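By written order: A, B and C. Residues from 1 in each chain.
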Amino acid sequence: MDDDEKKDMCPICKTDRYLSPDMKFLVNPECYHKICESCVDRIFSLGPAQCPYKGCDKILRKNKFKTQVFDDVGVEKEVDIRKRVFNVFNKTLDDFDGDTDAYNKYLEDVEDIVYNLDHGIDVAKTEEKLRTYEDINKQLIMANMERSKQDLENFEQRQKFEKEMKLKKRILEKQIQEEDMANKEWAKREIVNQLSTSGDADEVIANVKKTVKLKKSSARRKLEELNKVLKNNPFMTVSNGLMKKKETVPFTPFNGDRDIHKRYTLTDSGYFDPFIKELEAKKEYIASGFRADYVYDRMLTEAFMGLGCVITEELQTPQLNSVN
Amino acid sequence: MTATTSESPKEPTGDKEAVRTLQRVTDDDLYRHSSQYRLWSFTPEQLNQRRIDINARAALRTDQNLKEFKEAHKELTDEELTALELKAVPVTVEEEYMLVNYYAKMIISFAGKMNLPTEVAATAASFLRRFYLVNSVMDIVPKEIFYTTLFFACKSENYFIGVESFAKKTKSTPESILKHEFKLLESLQFTLMNHHPYKALHGFFLDIQTVLQGKVDLKYMGQVYNNCKKTITDALLTDAVYFFTPPQITLAALLREDEALTSKYLELKFNIIKDAPNEDGNSDPIIDSQKRLNGRKLLEIIRNCKEIISRKNSTKQEELSRIAAKIHFSQNPQSVIERVKRQQQSSSATPDPEESQRKKQKT
Amino acid sequence: MMQTEYSKEKKVGEGTYAVVYVGTKYSTNRKVAIKEIKTSGFKDGLDMSAIREVKYLQEMNHVNVIELIDVFMAQNNLNLVLEFLPADLEMIIKDSSILFTNADIKSWLLMTLRGVHHCHRNFILHRDLKPNNLLLAPDGQLKLADFGLARNMGSPQEILTSNVVTRWYRAPELLFGAKHYTGAIDMWSVGVIFAELMLRIPYLPGKDDIDQIDVTFRALGTPTDRDWPEISTFSTYNKIQFYPPPSRDELRRRFAAATENALDLMCGMLTMNPHKRWDPTKCLTSEFFVELPEPTVPEELPKLNNK
């Protein structure tokens, strides 16, 4: 059996890709032995089991199987190790406050770990190192993960934004072109029309041209604005570091200044309030935008506004505005 | 190693402590920002001291004026001097208080006669009373500031009436109404907003329905509401307005109107455990952000307030005339002398009613 | 005695009822604006605008509302000492040498809405929101100013005058003479200001009160009884021209730089029916403020070029 043939055949059930084109191969990062999907289903559905390869004593779980991306199992393994290590050692240059030397030292350490794991050197000790680091730096790791997620999102949004803008620009340009054509046509007709009633050709032409000029402006103005926006691309500011400093304070619509723990809840079922009910039914009230729920909300707010102020205690310190 | 779930404190984790200055403003804090709380709320001691100070200052000035008057009039007879000693004396703190309260009451009934909205009337009374927490009745007599206050309250409450028609309605003159307008504004320390308890009452009327759903007759609630409105108007004439907030005054009025209903509402609303073993009620849920208050304490505050708004302070007409005359004589010593002279001439004692008659014509 | 605490250095403006000076508070060297309210020649005594301004500013305490530092009497004149705010949004919009981005617009709108939210939660209607009443502090903060038309949200049965708000920013219910309106009228003004920030020209510039109705409905469609119950009870309603509402695409074309969320927010504030118009809370929690770009930090907002 030569290598090519081996590549397309499951070593367990001997099914050939040639005969079952839908066949997919999976590997498990424990040993990276290639097994076809239906074998995985069959062997591991009931729980962890030993790898069916002869001489391999690894216990494999079904949920750890994945599609092999790289033809070379060695590469596949290294990539997986890197992914795992970098998920934990996820500092960026920023975390070193720009100290390049320290950052490089850190990268080297990480490379050592990857190398050791990949080549089976000091595996137990290295794994321990990885775990220890993970435990100690849990917070930072989470934060950095969040950050890279955000970066990705920003990137995607930016791409979307730029695409939208470009589309709008194309539409506007087309619109301007069309308008220009229409204006030219209109000017021609208008000049002919006006010349038939008025004598001074130069004046007529000048006037019509002026009108055309005024007409043109709307789409053009929009294009100018669009260009301006593109030039001041808001996403640029995000990437060029202007906004970096404030990312620790999350945006809150009210600047944190809103009482969300009211002492009452407005009922939906309505209140017995003949006075308000009467107003609510009046046409001129309805048309004005009068809202009974606004009234109720206000009255209830005033009912509890200051209920918790204990004046006799809070004002124990002498007031500033004593009689002068 | 795996057991350490929380972050190790020494490790430079790099997440710069997100210094967030979240100043969440509660509705109580909004009230603390109001001028009514900042400038016009007092402890009983503060209020008392304030009244004493104002009275003392004006009394001192009155005494000084009197001394100067005596020095300027060396020709005064013994009889006249005795009359001065007796009649031209400053009014006391209590007398000031009685007089101001009388006029505050008057302004509300007068506003009623003019068909002004309840809130305008309440504001006018509040303005008048605040004015005399800065000035003494010996500086400006209430009569002189009465219409100014009402006119100004109308403007402040968006119920504008032109000064001409206002003067016509009140049988006064535009000049006399406007004369002290600035003085009034300045005395109010340029703060015009009043939080009256009427809206709070409306609010509790609604909330009681929710809390005591099915347990209270709605028609009866309407009756309670109307009666409490009157109680609140009376309460506005007491010192409760300086010691308590509008919701507290409202609850006191409700408590006065129907103790059982209001207690039940408060118990359910704030989870007050009745007859709980621990007397101080420390286990009751806290109901304000500053942790000063739980339901039991709130109940105590409301009871205190109820006590104050229930005090009757009706002053007799004769008493008021006497105070008014006292102010008049102390501020115008010359009138005492004239009175003595006239008495000597007619040799028959002039009774007080005629006295006040003459004063009316003069002012 | 009080007047000696401040210097009046330069007259910077004069209105019908007030003269404004730039000055300094001696004790702190803080620059202030002093609004001297004319008091003579008003037969009804102290002017209503002055009373309102004093009354409401005394109760406010918010970064996005102008600060009333002090009030004093001098030579029988009423003086309001306000924080000194050298620019307003109208000046920025009109100055064609200033470029601003969507992030800047978002920041100004955010600060405006926070200010309005604060007014409304104190039950105060501003009733004259427009770009030149939105003042800008040297640190970029935007502040609501001019409370001369402000009032308490009244008791429900009170009749309010519909003759408020500068014409171009006047909500449709005011154009029809509504007498029981709500905070929704302020929200309409903010919506028009938002549109103006994006277009950099006034969005609904009516020539007179009649034209204002026409301009408003031509841009945004004439409302009907279906989307605005009882609108036909307004006496002027039957005399007006009917225009169809603009399609989403037309709005997209008009506001080329606006995102979908920006358009949603603007349309929310420019909803004809005041019942359904967005309130400050709904606006502030809209997607527009969460999506990128983030609002510009106030310190970095465009400023007037020094002349």
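One rule holds for everything that comes next: a contact is a pair of C-beta atoms (placed from the backbone, for glycine too) under 8 Å apart; a residue touches a chain by one contact, two chains touch by 3 or more.
Model, not experiment: these values are computed from the prediction.
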By mean Cα position, the chain sitting nearest the middle
C
Larger contact count among A-C and A-B belongs to A-B
Indicate the whole-number Å distance between the mean C-alpha point of chain B and the mean C-alpha point of chain C.
36
Would you mind pulling out the distance in Å between where the CA atoms of chain A average out and where those of chain C do?
34
I'd like to verify one number: the distance from the centre of chain A to the centre of chain B, where each centre is the average of its C-alpha atoms, in whole angstrom.
58
Residues of chain C engaged with two or more neighbouring chains
121
Chain A, residues touching no fewer than two other chains:
257-258, 298, 301-302
Touching two or more other chains - residues of chain B:
30, 34, 199
Which residues of chain A touch chain C once you look at their complex with the stated criterion?
154, 157-158, 161, 168, 172, 222, 225-226, 228-229, 232, 234-235, 237-238, 242-243, 246, 251, 253-255, 257-258, 275-276, 279, 283-291, 294-295, 298, 301-302
What part of chain C is in contact with chain A in the complex they form?
62-63, 99-103, 110, 114, 117, 121, 123, 153, 156-157, 173, 176, 178-184, 200, 228-231, 233-234, 253, 256-257, 273-275, 277, 281, 284-285, 289-295, 297, 300
With touch defined as at the start, can you tell me which chain B residues reach chain C in the complex?
30, 33-35, 117, 119, 151-152, 155-156, 158, 160, 162-164, 174, 177-178, 181-182, 185-186, 190-193, 199
Touching chain A in the complex, chain B uses residues 1-2, 4-5, 7-8, 11, 13-16, 18-28, 30-32, 34, 37, 39, 41-44, 46, 50, 53-54, 57, 134, 189, 195, 199-207, 209-210, 218, 221-222, 242-248, 250, 287-290, 292-293, 297-298, 301
Over in the complex, which chain C residues touch chain B? Could you list them?
39, 43-46, 48, 51, 54-56, 58-59, 61, 71, 73, 76, 78, 121-122, 151-152, 154-155, 158
